[in-house]
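Each structure below is given as C-alpha cells.
Each of the next two complexes has chain A plus one more chain, namely chain B in the first and chain C in the second.
Our next item is the complex of A and B:
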C-alpha cells in the first residue's frame, strides 16, 4: 500500500509522520502538496499535526479550502482511509468529514504530555488491529483539543460506537465524554488529538501508535477481499 | 554628498544624545563622515554603535574567551556558531537575550526572542531541531510574577509550538533581585551537513540583495539602541510599542522556503533582520565580505506606505531576512519563496565601494563607510572596581558562622519545604506548555539533567543544558561562572554526553558602574579558565547589559548553554531510578557547605560570603568517568548534585523515574542539614546494578575519582540516615514519595495563579 501525507503551510508533524510510516513501519509514503488537487494514487491519507496557515483564525478554517481537500473528500466518500491527527482532526471537523469541533482547552493553556487512551471501537480503518478496551500510551500536544458536539451528536456517536479513543485517565483538555478520537459512520475516516506518529519508535519510548498505521494496511486488504 | 542638506529634521548634538549616543561619539560620527550626518545616518549610527549591536563595553574582554578547538567549524562573528559532530554533520547553536522586551510585554517579548534566535540558526543553513530557555523572574510572591511568568511561558510556547521546533529544556528561577528586570534567554540548536553551512558574507559586485518575509512596519524601532542598551526607568513601560510582534506561521514557511532555496547554488549570503533590522543585517553582511551595499528604499515591502526612510532603516519588524543571490537567479529564488506564499523583492545590490548607501525617492539618505559602523565602532575599556563587600551594590553577604544558627529538629519537614520551594519544585507547569515531541528525535524531555536529541544522520545524539547559579555569581563572579560551566558539563555527563562547546549569554547590569564592569570581567575570566580545563570553546553568544531598574543592577548572570555529544543514541542515562534493588553510589569529591545554598537562603534568609570551592580538574575527571560508565553500558541512571544538595538529588531520582524509592546512609558531617542540603560542585549520584558495582569502583579508582556506596533503591519511600558526631543516634528522614510528589507539584501552579504567597502565609 502507499500512503500520502498532506503538507499544508504551517504543518509541523508532516516530517515525523513520513518518518513513522516510511522509516519505522517501512510502508511506501510520499508528501502531498496542499495546493495540488491530486492524491497521487495514495491508498491512505494522513492530515498531520501543526498549525495550518498559522491557525490565527479558527483551527482548520482555512485549510479546509485547500485544493487538495476536494479529491480528499471524494476519496473519503469512496471509503478511502483518512487519518487526521491533532490539527488534521481539526481540519476534518471543519471540512465536515467528521462531526463536532475542537475548541480551546479548558485550562486555556497548551498541554504537552504522554496520555493513556483507551481503544473504544475496533470497527475503523485505524483501530481494527487494536484490542478493544486496551490502553495506548500516546502523547498529546495541543492548545485546542477540547472535543465538543451537540448532545444529539454525542448520543449518536456513542450509540453507533464511533468514539474510537477515549482518554483513560480523564480528558486533559476538557473534551466531552473524554473523547480523544472519533470516526465517520463508515469507519474509514478517523480523527484524534493524540499523536500516534510520536509513539512508533522504541528508542523514543512508546510504540503504541504503530497499531493505528498497521490497522489501515489490514483494513485495505480486507476491503479488497470484500470488493473481490 | 548633498544628502545632509535635504534632511528634514536638523541633526545636532542634542538629537544625537536623544538617540543614545554620547557627545564624544557624536563628534566621532562627524569625523567619520567629514560632515553632519543626515537624520537617517544618525539613526543608523545610533543602532550600530549601541551596546546591543556593537558590544562596545564587552568586546575588549570577550577576546579572553577561548573560541577555537578541533570541533569548531564556526566561532563568534556569524549569525551563530557551529561544531563538527561527526558523520559529516554539524550542530549550529546560540543563546540570546530578550530581557527588556519580555518585561514590558511578556508574551510578545518572549515569542519574538524565540523567533529571533531561530532565524540566527536557519540562516546558517541548519534545520532548527531544539529550543531551550533560561528564565529568571522576581520573587515568587511578587505582584508582577504571575503575569510575567504566565506571559513569558505562553509566548515561548505560542511561538515555538506553532513554528514546529521542540522546546526540550531550560531553567526557571525566582529571585527578588530580578523583580524589576526579568531575564529571558532563548537558545536554539540546528543540524546541518558540515559542507552545507551558510555564512553571511556578501560578495560579488552587482549581485542583487533580496528581501524576504514579512512586510516592514513601525514596530520595534529603537528596540536595540534604546530599550536594550539603557537602564530601565519608570517611563520604560511606555516603550511597549518598541516590542515587536511575532508571527510564527511566517517563520515556519520561511524556514522551509529558505532551506529549499539553499539547496541550489543561487544563494551567496543570508542574514536575519534582527536588532536594528534592515540596517544591521545589510551592514554586517557587507562588512564581513569587505564590500558595500546600496539599498533602494523605494522597493522595501511596507505595511504602511507612509513609512519614512528613517523608519524603514530602523524597523525591527519580525520574520524578515536579506539574501544576496547570484545575478540572474532572482526569479528562480523568487519562485521558491512564492510557492511558500512569501514576498521576495530585490531591494539593492552589492557594490565594490565599501559604503552603506540607501536611496529614497531620488535622493541619497545614507552614505556611510561600512567599517565605520562595524570594525571602527567605539570600543571601551571601562573603569572597574571590586565592590566593597556588604556595601556597594548591597548584594554581598557576610561571613557566616553557621554554628550560630539553630539546627532544625525535623529534617523531613525541612526537606518537604525545600522540595516545595519555588526554585526546587517541579517545572511541569512550565514545560507541559511546550511541544517537546515535534521532530521525533527527543530522547530526554524537559525535567532531565540535560535534554537529549537524536541525530538520525549520525546514529548519535546531542545533549544540551543551560546553567547558571546567580547566587554563587553574586558572591564571587569568577568562581560562580566556573560553577556554571562545571555544572553544565556535569549535567551533560549525567546523560552520557561529552561536553563539546558552549554559547554564553552574559546578563549584567550597567557597565558604566565600575562594580558591574568588574563583575563582568571577572565572570569572563572565570569562564575562560574553566573552558580551558574542559576543552569547551565559546562559539557564540550574546551580552546583555544595562539590566538595571531604577538604579539597581541584577546579580551577575552568565548563563552557559552547553552542548555535548553522545556517540550512540542507544546509550544514554536518565535521572530517574528505573528499578528496585539497585545500588546508589556517590562519585566525585565535592564537599557540601551551607554558604550560598538554596537551603540557607530559604530557611535562614542568608547567603554567606563565598560560593562552594570549584575543583575543575576533579569535575573533569568525574564527568569523564560518568560518560565512560554510560558509554560502556555499566550505568543507566545518573543525576548530578546541585541546588538543594543531595537530599533534593535523591528526591528527584525517586520522582522522575518509575516511582521507586530508596534508602540511603550519608556520611556524618558537622551538622545533618549540611550533609542533606549543603551544596558543592563535583558530585554525581549513580544507580547501578549490583553486578557492575565492583567494575565501576575499579574504573573510578583508576581515574582517581572518589566513589562511595550510599544506599539501595526500592520501596515507595525516601529514607535517609545521617549520623552526626554530636548526636547519639542517626537522624532519619523517612517520607512517602506520594507526599514529596504532592509538595513538589503544587508550587508552580500556585505561583502562576498568584496564590503562592497567600498559601505560604496561611500555612
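Our next item is the complex of A and C:
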C-alpha cells in the first residue's frame, strides 16, 4: 500500500508522520501538496497536525478550501482510509467529513503531555487491529482540542459506536463525553486529537501509535477481499 | 454599488466559552462585580459590491454560513449598509 501525507502551509507534523509511516513501519509514503488536484495514487491519506493557513478564523477553517481537499473528499466518499491527527482532525470537522468541532481547551492552556486513550471501537480503518477496551499511550499537544457537538450528534455517535477513542483518565481539554477521536459512519475516516505519529518509536517512550497505521493496511486488505 | 457588512460571530449559548469566562473573571477582579457573563466572539467587516441591499444581504448570509461562522459552535448576525467610504 502507499500512503500520502498532505502538506498545508503551516503543517508541522508532516515530517514526523512521514518518518513514522516510512522509516519506522516501512510502508511506501509520499508527501501530497495542498495545491495538488490529485492524491498521486495514495491508498490511504493522513492530514497531519500543525496550524494550516495559520488557523486563521478558526482551526482548519481555511484548509478545507485547499485544492487537494476535492480529490480527498471523493476518495473518502469511495471508502478510502483518511486519518486526521490534531489539526488534521480539526480540518476534517470543518470540511464536514466528520461531525462536531474542536474549540479552545476548557483550561485555556496549551496541553502537551502523554495521555491514555481507550479504544472504544475497532470497526474503523485506524483501529481494526487494536483490542477493544485496551488503552494506548499517545501524546497530545494542542490548545484547541475540546470536542463539542450538539446533543443529538453526540447521541448518534454513541449509538452508532463512532467514538473511536476516549481519554481514559478524563479529557484533559474538556472534550464532551471524553471524546479523543471519532469516525464517519463507514469507519474509513477517523480524526483524533492525540498524535499516533509521535508514539511509534521506543526512543519516544511509546510505540502504541503504530497500531493505527497498521490497522489501515489490514483494512485495505480486507476491503480488497470483500471487493474481490 | 458598494456596501459595508458588519458581521458578529459569537459562540452558541450551549458551547463552553472559557475565554469569555476568563475575561469575566478579570473584569470582576477590576471591581466590576456587576458582570454576570462575558461571551467572546469575532467581529468581521466585509466590503462588497451588489445590485441592492437585499442582494448584498443574501450574499453576506451565504458567506457567514459557508465560512465566517461554524454553525456547529457559533451563531452569527450582521447588518449591511451602503458603504459611505
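Assume the second predicted complex is superposed on the first by the 228 of 228 C-alpha atoms of A that agree within 3 Å, B and C clash if a C-alpha of one lies under 4 Å from a C-alpha of the other, contacts with A are read in each partner's own complex, and residues count from 1 in each chain.
Everything that follows uses one rule, which is that a residue touches a chain if its C-beta (ideal position, glycine included) is under 8 Å from a C-beta of that chain, and two chains touch if they have at least 3 such contacts.
Since the model is a prediction, treat every value here as computed from it, not as a measurement.
In the superposition on chain A, contact is made by A:198 with chain B only, not with chain C. By the touch criterion defined above, A:16 reaches chain B but does not reach chain C.
Shared-chain residue A:103: touches chain C; no touch with chain B.
Measured by the number of chain A residues touched, the leading partner among chain B and chain C is B.
Of the two partner chains, neither chain B nor chain C is touched by A:211. In the superposed model, A:94 lies in contact with chain C only, and not with chain B. When the shared chain is aligned, chain C comes close enough to touch A:148, but chain B does not.
With both structures placed on the common chain, the touch criterion links A:56 to chain B but leaves chain C unconnected. In the superposition on chain A, A:179 makes contact with neither chain B nor chain C.
In the superposition on the C-alpha atoms of chain A, no part of chain A is touched by chain B in one complex and by chain C in the other.
Considering their complex, residues 9-13, 15-16, 19-20, 49-51, 53-56, 109-113, 139, 141, 143, 195, 197-198, 201, 203-204 of chain A touch chain B. Per the touch definition, chain B reaches chain A in the complex via residues 154, 157-158, 161-164, 247-250, 252-253, 340-341, 431-443, 454, 569-570.
Against chain C, in their complex, chain A makes its touches with residues 57-58, 61, 93-94, 99-101, 103-108, 146, 148-150, 174.
On the chain C side of its complex with chain A, the touching residues are 11, 14-16, 18-19, 22, 42, 67-68, 70, 72-73.
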